[in-house]
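Take a look at the structures below.
There are two complexes below, and they share chain A, which is joined by chain B in the first and by chain C in the second.
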Partner chain A sequence: MELFSIFLNPGFWFSLIRSSTPLIFAGMAALIASRSGITNMAIEGSMTLGALAAVVASWYFQNAWLGLLAAVLVGITIALFLAYFKLKMMADEILVAIALNLFATGASIFILFLLTGDKSNSSALNSLVLPTVSFAFLNNIPFIGQVINGQNILVYVAFISTFILNYFLFKTPMGLRIRSVGGNEHAAESVGVYVHKTKYIGLAISGMFAGLGGAFMSLGYMSLFTRGMVAGRGFIAIAAANVGGRSPIPTMFSAMLFGFFDNLGNNLQQFKVINEFVFMIPYIATIIMFAFSSYRRMTEKKRLNKKILASQKAE
Partner chain B sequence: MSNNVVLEMKNITKIYPNGVIANKDANLSVRESEIHALLGENGAGKTTLMKILFGIEHYTSGEILLNGKPIKVTSPLEAIDLGIGMVHQHFMLDERLTVTENIILGMEPKKGLSLDYKKATEMVKEVSEKYNFKVDPNKLVMDLSVGKKQKVEILKALIRGAKILILDEPTAVLTPQETSELFEQLETLKKQGHSIVFISHKLNEVKEICDRATVMRLGVYQGTYNIEDVTVKDLSRLMIGRDVVRSIEKKTQNLGDVVLKVDNLKVINDEGKIVVNDVNFAVRQGQILGIAGVEGNGQRELIDCITGLETTFVGKVSLHGLEDKQEFSVKNLRLNGMNHIPEDRLVYGVSSEASIQDNIISNRYDQADLNKGIFQDRKAITTLSNELIKQYQVKTDSKDTLVRMLSGGNMQKVVAAREMSTDMKILIADQPTRGIDVGTAAFIHDKIVELRDKGVAVLLVSADINEVMDVSDSLIVMYEGKIAAYFDSIKDLSQETLGEYMLGIKKMSEEEIRGATV
Partner chain C sequence: MTWFKKKPDAKRDVIKEISNIEKRFEVFRIGIALLISMVLIILVIALISDDPLGAIRELLLGPLQSLRRIGNVIELMIPLTFTGLAITMVFKTNRFNLAAEGAFYMATMVAVLVALNSPFPPVITIILGLLAGFIVGGLLGLIPALINLKFGANELVVSLMQNYIVAFFVQYLLNYVVRDPNSYAIQSYALPESVSLFRFIPGTRIHVGLILMAVVVVVAYIILYRTKWGYVLRVTGLNEKFAKYSGVKVAFVIIIAQVLGTAIAGLGGAVEMYGIYNTFKFAASPGYGWDGIIVATLAKLNPAFVPLAALFIAYIRVGADILNRSTNIPPEIVSIVQAIIILFIAAKAFMKAAKEKKIVEKSREVASEGAN
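Let's turn to the complex of A and B:
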């Protein structure tokens, strides 16, 4: 069957990895914030402004790396802003995040218009993109080599940083502190952990990942900034982090699963499927997977108990 | 105990932002190697005084001296640095972290960039051996019993070099065994030169383990006494300002129909262990059935099933009037006359962010006499709340105070007031007087008996031997999920015998236990 042949094509898997990358970055951003006890709903906006900052800096300095740096700085700034409002001003983090997201949408278009006179994309700015990387030895491995070789450098960064974040969170003192301020901040406080400082650090890391995700969108995934290009990835990532139990490695896999549907949608466009339906696929998949995984988690114990009790009755 | 004074709190006055004067010229002087009791009724200001010492709250006026030198404690961190440790009335642990992680948090040993988990585990093992506290360092805190959690809390303070240890109602949540284990450990600490401030409402314990006692009443210092020089009676008079008569007058029992019946009940906990195993009993109108047992022998799960909080079980629980086809939900149970004083007041008992009044009406907000058409009858509600606050001696300045601002014992009084003041057929009282001072505990016991005399069935669960023996008519003992003994009458029952059944040394035959079901 035609549809099935998609999966035999290394190109499908190549682009699966590619389209999972922003979700992995954003997923890391979501989980580290949540571990520090603050829901970072502003990832979406951070990625949007990050993507724009990346293009602008890359064009202005004619250096893609400075573009990357700009995106990261923007991401960190927004996350710290969110943390400040939550911790110092006692504001509701969700409301602040909504405001930040709305601001990001408006501001990005406004800045784009100021610089290019165009409200839809940055094609007028000849920004540079980040390099792709090839490893000679991978060429010898059939299929797999084609899938993972020659990706944008940030793709590799995304996968590697998953493991680094895992190490950081579960094996370092700061990781423990971050988990403790998100778990029971009074307990952390009672042994002298600086709760606010720790939360700011957690959020800064979250912002950094959001910035990386944004930079990948405009300096790798595409080579320009277009309006609405983040397309809800910042929100999907929150679901991915939850499905992944707020742990980096499972979150990476769940991000890839979301990436799979994203990619499937793109591929289905070749067939005669209604476009609008195709665009819905990743979002519907998000809702279904999220509901399914929380339902499983909720009922896991119950199902186990029912089973044991049933066997008891039979005796 | 040496005569060396290590800590002195002088003329401490604390006024909370809402105007409550929690301490008024309070004094406390603690010597080296002593266990010093801090006594007082609910709301007397004990916890507040200790929070000031530990840097969580700040005094309005007064002075604190440590080894003769004046100190300012502005945060727990400073208190820890000064060698002061505190185990709170409500634990401060992160349930999802391991024992080791909880203990070494904030003082993690490092190896390069990593947290040195091996060293951390060793450190925890080392202190726990030094003070003879047995806990598995690798377990998640949420899998520990309350007694073990408390050990983790104490270790947290000891590993940070606490010389002065504050224990706020440490025995309120412990079983008798755990309590005696704790006392041995406190003796060890004392011998090693530590000073301990011990808050408790159980005066017998205070008599047993403490060297001196400081008494507070309504925030005011009443004096410090050598334990040898005072009797339990003296202490309670000092606390309350009057004698507490502690003998319950009970009329002869007038038994009616069976209200609650439990048949072949089996429950499994989250780890897949059978925690309630083939339990059968019945409670009748006009009967107080006590359930004694060391905590953790299935009582909690049993009560969860009966009260509709846990729905996965096999066997049968039937409530008089609740038909088979009706759902066994909390609402239906309540509509059919089951009232419940839950064990864990903060989780199931109160909404701590709501006012006393809102908590009180939460089980009757929809009753006709509190409503006028579609609106609430504020006047009736106010009258009711003020009435109950007065009757149950909740120490507060207003019915609108948030429950979170009440002292631990006063929260419990709010729950008792709500659950004992509506019409009911059965009252499930799970540790109804935990953390409540002797005076109010006596009042609640009297209320329970009064309900029984009116024909209400009462199921009373308590880990406190004195409580179950004083109040119950009949008694079940639970051990490892099973009923180990049933006493139709407790007149001739001695504490020793009861203790033997509770510890599983003795067990009755099926035949004898069957008495519980009729």
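Let's turn to the complex of A and C:
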């Protein structure tokens, strides 16, 4: 029963929103790349280097917004790099992404050490963090006000950008073009879509979101960069996008579901459970939900065929 | 009658020549990738070091300066060869299952568990430990492979999540099961002294695991290039649909390759444990699974080249460690180099124009000869 008391605490839901935010950003990065026909497995690395770039720029310029900008630029650069290797160098996108992730892990520790003399975190750099926002009118709403008020500004950006991305993807010509090159690039080409250009744009947007996710990790979620801080969120996001059917709003909810497990882990530590098992929760949840959603996608065609057959019989 | 005989020969020559050109370009491309990455590493060192020449000398020649350091290179080459072979097997199927990373870490722990609990004499304990590492590795390789087959979930994502789970599980075993409470450091009880692999070169820690490694390399090569199953596996990796329509049980082949590959990584973990250490003290995975990716890529997924690639990676790793001890340049510089090597080798179109030009030239040459 003690366990259920944590769900009644608004603090739990407050931190649920907070820990979902990087997954929402990364989930958007995963889905837009996937929609444009390239699997972006390098989100993990983009977030890692983005988080580091954010801290370094925030410290160097003493301006958190420039930190955010730096992270976004790093994210876009890595994503375009991936697109270039895939489209021009004919490389396997997964192998390139693996290389980029290895690079990000090594390079982030390397750069961190050169700047601070410390390999584990950036506490030596007094970097600024992005501001939190509170709305006076929300204070009047009990519980919900406590949950959604006073979050870091990027939290609101994450949720709002979900709707913007949804509009962009489904209601604008560019969004249609991105979906078409991902769906069938030859068909898209035959009606005059610049396939490569469109894919580069899709990947740039993906990189931007990965950068935002990285920036949130070190300028909001925490106030510094620590080694391994992204902790597989870039890959969990790929699962989240998959569970969300590669559409922004469902992906937002699935990211929150993954955020729930992440948060549950953090909250269970107060009970006398073995920490190592608690830490496993988000990863186990990811495998299960990822398998389930992939299975649905795999059998989608079969179910569709069945439906068609059934309707033909009815006629 | 001579012209009649000459013609088919010329044709065969052309095909041979072209495949030679392709092979030469492949080697050349890898050479260029290595060169560019080494130039880059040297540039970075030159930028950040006070004594760049000394630092570069440490990095490139440091590992050769004493028997102990040469020993270090060989010692490191052994686990890298095992994980490199593991990734080679797995990648041959075109499945990016990276369970080998977790398998290696898990197997080092399994080897410790076996050594601490075995009632048998040392030799049997060692054999049991190696076998246990192999089996546990295989099981860990099986999970993402099966989830991919049955549910269609991307095996890379599943295997990476699994690696996190495995790492936490190993840390649990370390903290709650095998931890020596009398030791200040976080480490396991000491293994029985006799449960270790024989070190046959005095002054180094080079152990009989080296011989086992050589055997596994040969066996892997024979399996892949000299058996029917290996042929089927290679065909499947090259063109899954073709294999399927030729009557290959694609799913089965792909699963077995991932299980066998990851099992080799597990074997490597157990060998490393018994060969080098007498207590378990990895608070985090040594990460040899990640190095296996670069070794396998550098070896062009051919087991015969894996030890060579592992030797190269071990050499620059040891060089970077030496550099780190004397100059404070972090050894992570190596992972930057590794990433660049993978990128250049993965980039199929890199220098493609030059290769094609050469092939066209050769064909024209032969064509004009034929016309005469």
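Please note the rule applied: the second predicted complex is superposed on the first by the 295 of 315 C-alpha atoms of A that agree within 3 Å, B and C clash if a C-alpha of one lies under 4 Å from a C-alpha of the other, contacts with A are read in each partner's own complex, and residues count from 1 in each chain.
Basically, a contact is a pair of C-beta atoms (placed from the backbone, for glycine too) under 8 Å apart; a residue touches a chain by one contact, two chains touch by 3 or more.
Bear in mind that the values here come from a model prediction, so they are computed numbers and not experimental data.
In the superposed model, A:I144 lies in contact with neither chain B nor chain C. Between chain B and chain C, it is C that contacts the larger number of residues in chain A.
Contacts of A:I160 after superposition on the shared chain: neither chain B nor chain C is touched.
In the superposition on chain A, A:A187 makes contact with chain B only, while chain C stays out of contact range.
In the superposition on chain A, A:G106 contacts chain C only, with no contact to chain B.
In the overlay built on the shared chain, the residue A:A124 is in contact with neither chain B nor chain C.
In the superposition on chain A, contact is made by A:R177 with chain B only, not with chain C.
Looking at the shared chain after the overlay, A:Y283 reaches chain C, while chain B stays out of its contact range. By the touch criterion stated above, A:L8 is placed in contact with neither chain B nor chain C. Within chain A, no residue touches chain B in one complex and chain C in the other.
Every residue of chain A that touches chain C in the complex is listed here, in rising order: 39, 41, 85, 88-92, 94-96, 98-100, 102-103, 105-107, 109-110, 113-114, 119, 231-232, 235-236, 238-239, 242, 274, 276-277, 279-280, 283-284, 286-287, 290-292, 294-295, 297-298.
Residues 75-77, 80, 86, 88, 92-97, 101-102, 105-108, 110, 113-115, 117, 156, 160, 266, 268, 270, 272, 274, 312-314 of chain B are the ones touching chain A in the complex. Residues 167, 171-173, 175-177, 179-180, 183-184, 186-193, 301-302, 304-306, 308-309, 312-313 of chain A are the ones touching chain B in the complex. Looking at the complex, you find that chain C touches chain A at residues 48, 96, 98, 147, 150-154, 156-158, 160-162, 164-165, 168-169, 171-172, 175-176, 290, 293-294, 297, 330, 332-336, 338-340, 342-343, 346-350, 352.
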